[in-house]
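Letters A, B, C, D and E mark the chains as written, and numbering starts fresh at 1 in each.
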Amino acid sequence: MPDSVPGGAYVVFFLLAAGAVGFSLAMLFSRNFVHSAAYLAAALLAFAGLNALLGATFLAMLQVFIYAGAVTVVVVFVVMMTRVGVADWRALLQPQSKLAAAVVVVFGIGLLNALAGFVPALASPKAPVTTRTIAELLLKEYAAPFEISSLILLAALIGAIYLAKEARQ
Amino acid sequence: MSNVPYLSVLIALPVAVCLALLVIPAAQERLVRLTALAGTGVIFAWNVLILTLYRPGGGMQLEENHAWVPVIGMRYHLGIDGLSLPLVLLATMLPLLCVIFSWRQDAQPKTFFFLIVLLQVGMIGVFLALDYVLFYVFWEIVLVPMFFLINIWGGDRRRYAAVKFFIFTLVGSVVMLLGILLLWFYGPKERTFDILTLMRYGQAGGYASQLQMWIFAALFLGFAVKVPIFPFHTWLPDAHVEAPTVGSVLLAGVLLKMGGYGFLRMALPTLPEAFKGGWGTALAVLGVVNIVYGAALALTQKDLKKMVAYSSIGHMGFVVLGIAAGTAAGVDGAALQMFTHGIITGMLFFLVGMIYERYHTKELAKLRGLMTEVPTLSVVLVFASFASLGLPGLAGFVGEFLSLMGGFERYPYIAMFAVIGIVLTAAYFLRMLQQIVFSPRTPDVALACAQPYDARPNEMVALIPLMSFALFLGVYPHPFLQILDPAASAIAKALGG
Amino acid sequence: MIPASWFLALGAIVFLIALFGFLTRRSLIQSLMCLELMLSSVNLTFVTFGRTVGDPAASGVTFALFAMVVGAAEIGVGLALVLVFFREGHANVTSDDLDILKG
Amino acid sequence: MPLWLTAVLVPAMPAACFVVLTVLRRRLGERAGYVAIGALAVSLTACVALFARALGLAGADEPLVHVSMPWAVVGGRVLDFGVLIDGLSASVMLMIGIVATMVVVYAVGYMHGDERFAWFFAVISLFTASMFGLVSASNLLQIMVFWEVMGVCSYLLIGFWYERPEARSASIKAFLTTRVGDMGFLTGVILLFVRYHTLDLPALFRAAEEAPDRLFLTVACLLLFVGAVGKSAQFPLYFWLPHAMAGPTPVSGLLHSATMVAAGVFLVARTYPLFEAAHYALPFLAAAGLFTATFGALLALTETDIKRTLAYSTMSQLGYMMGALGVGGLVAAVFHLITHAFFKSLLFLGAGSVIHGSGTQDVREMGGLAKTMPRTAATFLVATCAIAGLPPLAGFFSKDAILVALWGGKEVGQPLALLLFVGGLLTAVLTAFYMFRLYFTVFLGEEKSHAHESPPIMTAPLVALSVLTLFAGAANLPWGHPVLAGLVAPKEHEEFVWWLMAMSIVAASGGVYVAWSQHKTRLGAVYGLERYVVYERGQGHYLERMYGFAFIKPVFALSEFLRNLDFDRLIAALVVDPVFRVSDALRGADIDAVYTSVFVNGTTKAAESLAAFDGGVVDRGFGIVGRAWLTLARSFERIDLRGVDRTVDGVGETVQRLGRELRRWQTGFVANYALLMLGLGALIFYLAYWFTRGQS
Amino acid sequence: MTSSLIAFSPEILLTACALGLICFDVLLPERKATVRWIALGSVLAAIAASGWVAMNAAALYGTHFEGALVLDAHTTFARLLFGTAGALVILASWDFYADRSVAEYFALFLFSLLGEIVIVAGTSLLMLFIGIELLAIPTYALVALLKQQEMAVEAGLKYFLLGMFASVVMLYGVSLLYGALHTVSYLQPLFVAPGTLTPAVRGLVLFGFFFLMMGVGFKITAFPFHFWSPDVYAGGSTPVIAYVSTIPKVAIMLALFRILGPAFASEWAAGRAFIAALAVLSMVYGNVVALMQDDVRRMLAYSGVANTGYMLVALAAGGEDSYAALLFFLVVYTFTNLGAFFVVLAVSGQERATLDDFGGLGRRGPSLAFAMAIFMFSLAGTPPLAGFFGKFALFRAAVVHGYWYLALIALLTTVVSVGYYLKVAQEMYGGDYALSAPGAQLARVAAPPTLRLAIALTAVATVLLGVVGVRFM
């Protein structure tokens, strides 16, 4: 998003923010798990938008592909497979809900308080964060974590396959 | 020969015997027994050799001092003096006699003898160590084999007793460990765990008086549980009642002495201000309480072994009283009482074990007419009882007499009450003798199946040395006191008494 | 310029909502979804901080990237576990069914 | 043979005999008796030799033998043990040697056929050995050693027939009672050592002379005296003595004459310089001694058991000796100690013979035994005369010496001395009365049972002893140069007071006359108040009646009252019972339960209030915490209830309960865990932050 | 770059072997047994390589990969320790996954092991996070490896849900710290006393720190982040649990010392107090609750919580000597805890392990019982076993740095701990088996020889570390 239109940015931010919060809540309180998954996808899309608003377009794209796309699809897949149907959300609540709410509220107040004290405005990146920049970073400065992440993915793959494969036998 | 590490060998020998026992297959019971016998025999012989090398009055001797764990300032420092020599003698002699006594042990003999010898490692080490950490290491080693001895071969409530024994002692010793850390932390500039160095430092006034009180308290708890001093004694009757005979013998014979030894070796000479500042008096009061309380409780026990256990508490009270006196007489008395109590109570527990083996009961109410049925055993029991009740002419008297003398030197008004214990002690022993030994044989249904047989040769072999010691020390304690007295005088001097 | 704290607050709010969800949902799948959402808000925070720190290396974005990868990997294993769990006969796949092990 | 070796031989022989007999008791059988006799004969010979040497040295300052070697070293100071033979110990040893030998010879006959024959002689040898050792000891500690060994032997001997319940209880009573006295003895010895750093007798006397702290010495001496009170059966530690009759009669013979009870008197005599230096201790001795003398005589008045009567007489006679010591009559006391040993052993052995012959101990069932047991009767008469103080028997001279000493009252002051003297005289009258009454009842009158004379091995010692009783008085005749005085206290000079001697003869005769007059009425002797009816009916001589109402009735009443008082039971109720009760109570509870209740009660309160807070104030959402505390509190209550029966180990159990309750936090629910992680973690962090906010 | 590759050759070797192992399994699926040798060989080779690298320390020590990883003494220490422990675990599990899952098992295991080293060698919170994930993700699957077992799956799911929760929270913390401190590298001290921070970021640092500690505390099972461990330990596959309960803790403790050591040196009171509080609570809670357990693995889980408390004592105390003490303690803990779980494996197999299973072990499997007794007494801190010296060194360090109360509480809770360690010993050498039947008539415990070897090695290590090894502390 171009910084030259500050008013526009605010509008977009609020729209996306409202979307993120709203879809999150909707996901939480939806009685139908498939709906839930859909709301999740929507919330993640809103996050992708926010990332883009912050200038991280590559990340936003990934967010759309990996999260809003792939992951949600897998979730929906599992939901369908496990045939978990509709349920009254009250019945889905843990007995500890009130306490959890209290803790989260107290926690949230503290956290937001701490964040509110943090005032710096967003600095403009000296160079735009292009895919190329990221690629260079990943292969140079972050080569080690990058490689290791690949191992993580591999391990997750092996683990997931092992756990899931039994179904066919 | 001068550079032979005599003391290290004395510790290494039982370790070697342990390893040997581990290697021998459990099925070869005869070999196991022979190894245990030969092993403990050699250990004892080695100790006798050390005894011949020892020069009475020569202070700390045969010292070995090497760095061990530099990071924590722990050294491998061994030495022997008049205070430790008799106790080491106990720690080498009693296991040998125990092995002889339990020659017929047929329930898991391998484990049994292994544990006895393992116990010996700790017992010898405690009395030889001159480094606090090393001391603590040996101190704790002792717990494990004793725990198993009670837990495996004990009576009906063995699990309870074993855990109680372990936990009680451990509570004391961890607090003691904290005291040791305090000693070390507030010690001289170059921090050290060396007992002798810290002792000199303490005598030179290195520790502030208030601090001394605290450190003494920490050490006190550790030693008090072991002695045991009222009100930390409750583990003892349970442990004794449940323990197998040999366990009781070693427990009463050596383990309890570790507490008294700790006071004499560490607490008193290192922290003289704490001693003078109230701990001495407190110990005296506790000592007297021990004497009277132990005797009073022994008076109405229904179980023979429990009675002996409480008598132990009473007798250890004399040790505490002697320690509390801090005079040469008191310390002499305490040290001697520790040795003689080891001998005499060891004997008593052997006898209780023999009686139990024959009659399958330890209840005073069920035993009758032993003098008629098992005369030799009875004579030994009478002898041991009289020795235990402090009959002059037998060993028990000398220690009690000197302890009392020490008590009267410093706290005449407290020591006065200890004298009551003498009468009570006589009372319960005589009551016991009257009930089970000097009584007509009455046919008892419960005992009808029991077939009493008199003392076996191996049992007598185990008992006779103890009897000789008890007699010899009572008649002529001079050689022993010649060894003890210089060390005791040194402690008394440090305490200004 | 939009203040950074707005983005951070938004991230925190969604994080807290998802956290609340994680703490209160019985359904394992919903729990997983909440974790996803938390991860996303963390990513937003990273990106925001990347802008305030303003380092040329664009670390914030990179961190978010790694977080995303790792998150995806975790979700993969997690869903596989949920599947196994379902196959063992727990039709509802709720955390209440995780009740053998306790105490 | 060096002299000290001779001295050592005296106790060593019977001690060795003990060892031999113990080890070989099965193999020797009844030959054991002869072994014992042999050993004692050697000792006796040695005693005679020592006594002869002592006679030769009489009057010298230095003791005959004084050797010692270190026994223990304490703080660099040496405690010795050794042998000290002087006139006192030589004379007493000779007496012991004679009496012990006689008793052992007698016992060979008496114990014939007993299943523990050898064991008896073993113990009696040790008994004698320890008495020898005690007398020849050179220091106080050593005296105490032998003192206690003797106590044990007495325990074994009195309880020798342990099949009899009364023997078992008597043996314990004897040992424990004397042990109570030993508490004092031990304390005294310790105090003396603490003060003077030595226990060697001559050194101690020197030290006490050089630094006479009278108050301290008085305390120490009184403590020693407490020991002597126990051993010599003085009031109030006398009650074991009559019970001690449960043992075999030879034991009584020995125990009441030459050993055991003699030890107490000997101890005071031995440490007499200390008592003199202490000064304030002597009046106590005198008063206690004379009180016991009168008291014992009174008790004997209404006693019907022959051996018990003799026991009370022993007590009474020992009181005499103590009293004499209290007024400075050292020689008199020792003299009486020796003569008393002879005639008392004679009496006991005679009584044993009587019991042996008639099969009963109750005098009321005896009578006319003089016909069937002539030798016993004759020797018994000699002894009775002696104890009654009839001239010229040994008892007469020694008792007279005591009366002289009492009259002199050197150490106590005139008014008290007069009182003591009157008490002594009264006791003399009573003694003569009850002893002769006893004799008349048993040996004269009509025959009540079929008795037979004892075998010669039993009667021979009787004869020998009666000879000694007849002539032992010569050892210290009040005129000329008293031999014993020269040995024991060469510097003392007793005056010869003829009218005192006359008075004592009158007193003794008076007692004998009353006894005879009673016997003569053919109504039998009076042993209890029930017989006053005799006088009340107006029978008998008017003088007798007057005498009876004015004197005998109150005295008998007193005697009976004292015997009914049963000091024994009083002590039991006041001391022994409470001790047992305390012991029992402690055994029931011990500290375990105290731990439990103290620890648990305190914690329960705290837990309850916390639980109430949780349950009432905080929302039920905090269910886990609240529940945990609540259950914790309840579990504490449960422990509390069970704690009484001591099965729980307070602290350990509580920790376990805590563990059980904390376990509930582990609900197994993922969401709970997550919330706890977040909530508890944040709380902890916040608290950590809050508490350290002042620091950086 | 080349030097970096050489410096991290052990890790590269491990990675290569893990990959090769999978390929091997895919290509030759019938030769399952060989896979084990590859795994063992790779670990041993990695150890050898580590040793070789350590010998050339001068040339290779320093940061590598653009400062992402650091090779220093600690890394070497971690490599050797983890390699040894890894080899032991492989030995112990030799026969337990010989069926179709063997390749997955060993591959995942090696990946996880790699993660541990990354945690120690990493220089930034990012590397820490990635290391933790590399460690964790394979273990989620490993715990549930016996997926036919209901409890194993439950354990896996719980572990996963809470683990991911902790990771996400931790990541959030990392993001806050990144925003506040502008860096996540701890090559320079990361945390400084908050007083020196501007008020604007102080809150962020505090929250960031707390979230970070939550993620880390989860892995080391510090109270109150430990809740997963008893359930997971009790349900999971035993060899995996043996591994999960030891090496991750060690790795994180080492990393924590890197992160917090400098902060505590600058006296950050709140952080220190927090760690101290966690230490106290962990010691008390772990020991007290462990008393009441009948399930041995669950009991060991609580014992693990308690041991974490002891480790945290050293962390709170700070300083070089604490660090030395901690290292020693960690080594001891590794061997002892591994050994204990190995014996559980030998006795109960992969099933639920209750105390009853240990009844009469002293006669049914004397050598196993003897080893278990050594482990239990070492854990209880009985000299002369290694556990005592480990604890002693820790407590001594606490005393030196003024943490008297920590030392006291540690000592007292040690006493409590004896209660449950002894329970195991009592079961083994007591109970009804103790004296009754002759030894020959009892059903003996059959354990595979490799497992026995692993147990023997750990037992010997536990003894020798105490008697001899303590000299090199």
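In the analysis below, a residue touches a chain if its C-beta (ideal position, glycine included) is under 8 Å from a C-beta of that chain, and two chains touch if they have at least 3 such contacts.
Predicted model, so just to flag it, every value in this text is computed and none were measured.
**Q** Any chains in contact with both subunit D and subunit E?
**A** Per touch definition, common to subunit D and subunit E: A, B, C.
**Q** Measuring centre to centre with C-alpha atoms, which chain is farthest from subunit A?
**A** Centroid comparison gives D as the farthest chain from subunit A.
**Q** Which chain is the middle one, judged by CA centres?
**A** B
**Q** Farthest from subunit E in C-alpha centre terms, which chain would that be?
**A** D
**Q** Distance from the CA centroid of subunit B to that of subunit D, rounded to the nearest Å?
**A** Between these chains, centre-to-centre, one finds 34 Å.
**Q** List the centre-to-centre spacing of subunit A and subunit C in whole Å, with centres computed as mean CA coordinates.
**A** Each chain's C-alpha centroid was found; their separation is 7 Å.
**Q** Go ahead and note the Å separation of the Cα centroids belonging to subunit A and subunit D.
**A** Roughly 99 Å, centre to centre.
**Q** Find every residue in subunit A that makes contact with two or more other chains and list them.
**A** Correct list: 94, 96, 100, 103, 107, 111, 115, 118-119, 141-142, 145, 149, 152, 155-156, 159-160, 163, 166.
**Q** Mark out which residues of subunit B touch at least two other chains, giving numbers and ranges.
**A** Only 163, 167 qualify.
**Q** Two or more other chains touching the same residue: where does that happen in subunit C?
**A** Expected reply: 8, 19, 22-26, 31, 41, 48, 52-53, 60, 66, 70-71, 73-74, 77, 80-82, 84, 95, 98, 100-103.
**Q** Taking touching chains as linked, do they make an open path (line), a single closed cycle (ring), a hub with spokes (star), an all-linked set (complete), or other?
**A** Here the contact pattern is something else, fitting no line, ring, star or complete shape.
**Q** Spell out all pairs of chains that touch, sorted by label.
**A** Touching chain pairs, listed by label, come out as A-C, A-D, A-E, B-D, B-E, C-D, C-E, D-E.
**Q** Within the complex, which stretch of subunit C touches subunit D?
**A** Interface residues on subunit C, with respect to subunit D: 19, 22-26, 31, 95-96, 98-103.
**Q** Which positions of subunit B touch subunit E when the two form their complex?
**A** 26, 68-72, 107-108, 111, 133, 136-138, 140-141, 143-144, 147-148, 151-153, 158-159, 162-163, 166-167, 170-171, 174-175, 177-178, 181-182, 184-185
**Q** Across the complex, what residues on subunit E touch subunit D?
**A** Interface residues on subunit E, with respect to subunit D: 158, 161-162, 165-166, 169, 193-195, 206, 210, 213-214, 217-218, 224-225, 227-228, 230-231, 267-270, 272-274, 276-278, 281, 285, 288-292, 416, 419.
**Q** Would you mind writing out the residues of subunit D in touch with subunit E in their complex?
**A** That would be residues 652, 655-656, 658-660, 662-663, 665-666, 668, 670, 672-674, 676-678, 680-682, 684-685, 687-689, 691-693, 695-696 of subunit D.
**Q** Quick one: which bits of subunit D touch subunit A in the complex? Just the residue numbers, please.
**A** 619, 621-623, 669, 671-672, 675, 678-679, 682
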